[in-house]
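Structures incoming, each one as structure tokens.
The same chain A turns up in both complexes below, where it pairs with chain B and then with chain C.
Right, the complex of A and B next:
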């Protein structure tokens, strides 16, 4: 049951080949982690698959219920519809993804309103419920996110993304700039939520620990190519490629 | 001796503007760019409205010009005199008699009828400027009918103030397709846009945009199901004519801060007084 498939993606930035002939498929409800060092092309792959960046060659297909179809085929409006209704995107920096001059409730409600919700009471109730789900006091629903801590902002972004119950969520280093204890709480939250909602996740991280905790499957990238892919435990416990061995070995023992 | 062409603008310019108007009428609520000319009045005084009026005026027309509902304020008087001098059309202050009404900030209280044209002066034609300063972004949002984010603003108002805190220039959906700025008319006037028998034209001179509502166009203010559009009106009657159903201006009457409310539409107020305050 393939939900999304990228086939033979190549994307260059000037002389630099960020992606070279990369293919990747995601199944329904599957959590796939892309790991690799900075500049390995993992974020570029995420941007291409989420339709934010056009590849130079290759195609990305998505199954909206009638079989796999290229995501750009229906034009910009159809792609926007996918991004708004079926997908979600959690960025590393919540301050850029959220509207900082709009209340927490407004931020969560935005995706609902964009999707056509026109009942204030229902939108507010959903926002309040989601604040509780991500462990933010619902009494702060009318506060601006400006006063929130980094971890709270990231949880708010997760709530604002998952409120429409998407089928597939893209995450770009969601625990990037956070301290370790906050990271652990957010990962715990994400793990619980995606399992409960049955969301497929494509997560980019340079942190092997994040991949170990969340992922069903791990894809290792280096210099724009996928060097190894397999079940999470298999890749982490018995890495085949020398670069993966290096990655796994470079983690400090817990 | 005639110093200017009929209604000031040269015929080529008028033709260009009429083309824009025809396009605008064909796509209700959609903003059409036009080559706005330098006019002998400053931007913000009605350069867009005056060009639209100049392009549609014929020798048989009867022109009314209002500013904030009044026929006797500087802007209204000078624009009316401008057209009287450059086109020799008949002018009036009576909404009933006029065939073309140029307006700033109001729609007359007297219901418009089929065959009349109302021309609005528009400072900011783009309702999405409240969300994005980029015209490219706004154009993309219009093209994709991607207006959900406008509701975030309304949501914020209701969460903060208990109601939508927009007293004028309240955005409307036209024909279920385009989001449109009704120009800075009070929200109280918004229902008059809906299914109006008159042709409604909007001209923005500085922003170089023309848009239109053909007669009997569906025009709905943005709102929520459980917080329907509810425009504000001062809870008083007009001090001069006693009307309790018109839009009122609030005036400070003396040094002790006493307030008076009078009709903003001078023509409807006078008509009512002449008719014995009925």
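Right, the complex of A and C next:
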């Protein structure tokens, strides 16, 4: 059952076509990874599908329960409502996504309040529970995130994103700037949480190991186009397109 | 009762990085697998045994042919099926034991074995109990259950892999050299698990290089030969 569908998306930046005639559908609870090198258009696609960037042509539709409808159809307010209540966004750089002068608990609680929660005790209890879920000591609930490591900040961002139990989470290189050991911990956490909550995920990564670990399906992009798509293990173990073969062959064996 | 029926399977690999050379591996491969039966894939190295197993699991895409499996009581087509459908068939109907465990960082052996059970909706406590029992049955000591298998020996990793493969009671089991890196005692444990799977009605298709294992478990052989050079 399709949760979101992008159809024939084209987006140019000046003379550069970042996306050319791209279509992609995501099913409820499905985890889809977009892989490709820098400049392949994968982040642009993520930004268009999450309503952060308007396409030049094409449409993005979402099913809020009454069938697929274009995400911009209800105007700015309706799009904002989708982004706040039904979607989440995990950015590569948590320092830009979190509020660094607001406590760890506040960062989580704020998302709940934006989504309509008002009871202070319940919000604080949820924040504490979520800190624990992402393996941050709940005793640090009142600390400012300044003193947190990169991995902790990323886990805090994940908690602040998942606390509202969104239906769909967009992730842009969520382990991009982290040490390998920290990456594994976050990936394992994300994998467990999204399965447990049943959220759909659209994740952009250049790391095909991340894609294999998390995704049901992989979409390979190159020069603004989707060159191959399929079941994650199919695409990685039996790559068809020349570029996918190059991508898979370029990985150092562990 | 037919559990899996494949016909006309063709598979070649086009190696774009080697000037687009095309390697033909399977042509017109066919087999029928019934519930409670065990078929051994035989043939020389390079005949396409692993390729056929992977194609039947939907891991390799086929160029031609049909792969029909009994899923939720009806025969359904696996070749070319949409990703979500393949995932569902793998979750409920077809299990695959590869030659090597793909160990995930930080994930303990017990959770690796329990994962397919959880995905099927089994509750956490029951899935963990089942996983522990399978690890016990394969001689993995309890002290290791809670450790990630990344540091285990090859034989231990393979037994974790087997525990995962047998935990789910899949109606169809595809086994790629399940006893390859095991000693005699563990080989016998695996033979016992395969027999138990058959007697509950599972259909097994496997590659068993060890003749002793083949004789102990398989009641039919399907021999593959390497394809002649193609144009």
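Worth a mention:
We adopt the following convention: the second predicted complex is superposed on the first by the 254 of 254 C-alpha atoms of A that agree within 3 Å, B and C clash if a C-alpha of one lies under 4 Å from a C-alpha of the other, contacts with A are read in each partner's own complex, and residues count from 1 in each chain.
Definition applied: contacts are C-beta pairs under 8 Å (C-beta built on N, C-alpha and C of every residue); 3 or more make two chains touch, one makes a residue touch a chain.
Worth saying up front: this structure is predicted, and the values here are computed from it rather than measured.
Clash-free side-by-side placement of chain B and chain C is the outcome of superposition onto chain A. Legend: residue contacts after superposition of the two complexes on their common chain; A:121 is shown touching chain B, with no touch to chain C. In the superposed pair of complexes, A:213 makes contact with chain C only, with no contact to chain B. Within the superposed three-chain model, A:234 lies in touch with chain C and out of touch with chain B [touch as defined at top]. With both structures placed on the common chain, the touch criterion links A:246 to chain C but leaves chain B unconnected.
Legend: residue contacts after superposition of the two complexes on their common chain; A:197 is shown touching neither chain B nor chain C.
Between chain B and chain C, the smallest C-alpha to C-alpha distance in the superposed model amounts to 35 Å. By the touch criterion given at the top, residues 13-17, 54, 58-61, 83-84, 86-87, 104-107, 118-119 of chain C touch chain A in their complex. Against chain A, the residues of chain B that register as touching in their complex are 140, 144, 146, 148-149, 151-152, 155-156, 158-160, 223-227. Those residues of chain A whose C-beta lies close enough to touch chain C in the complex are 27, 30, 181, 184-185, 187-188, 195, 213, 216-217, 230-231, 233-234, 237-238, 240-242, 245-246, 249.
Put simply, chain A touches chain B in their complex at residues 76-77, 80, 99, 102-103, 105-106, 109-110, 113-116, 118-121, 123-124, 141-142.
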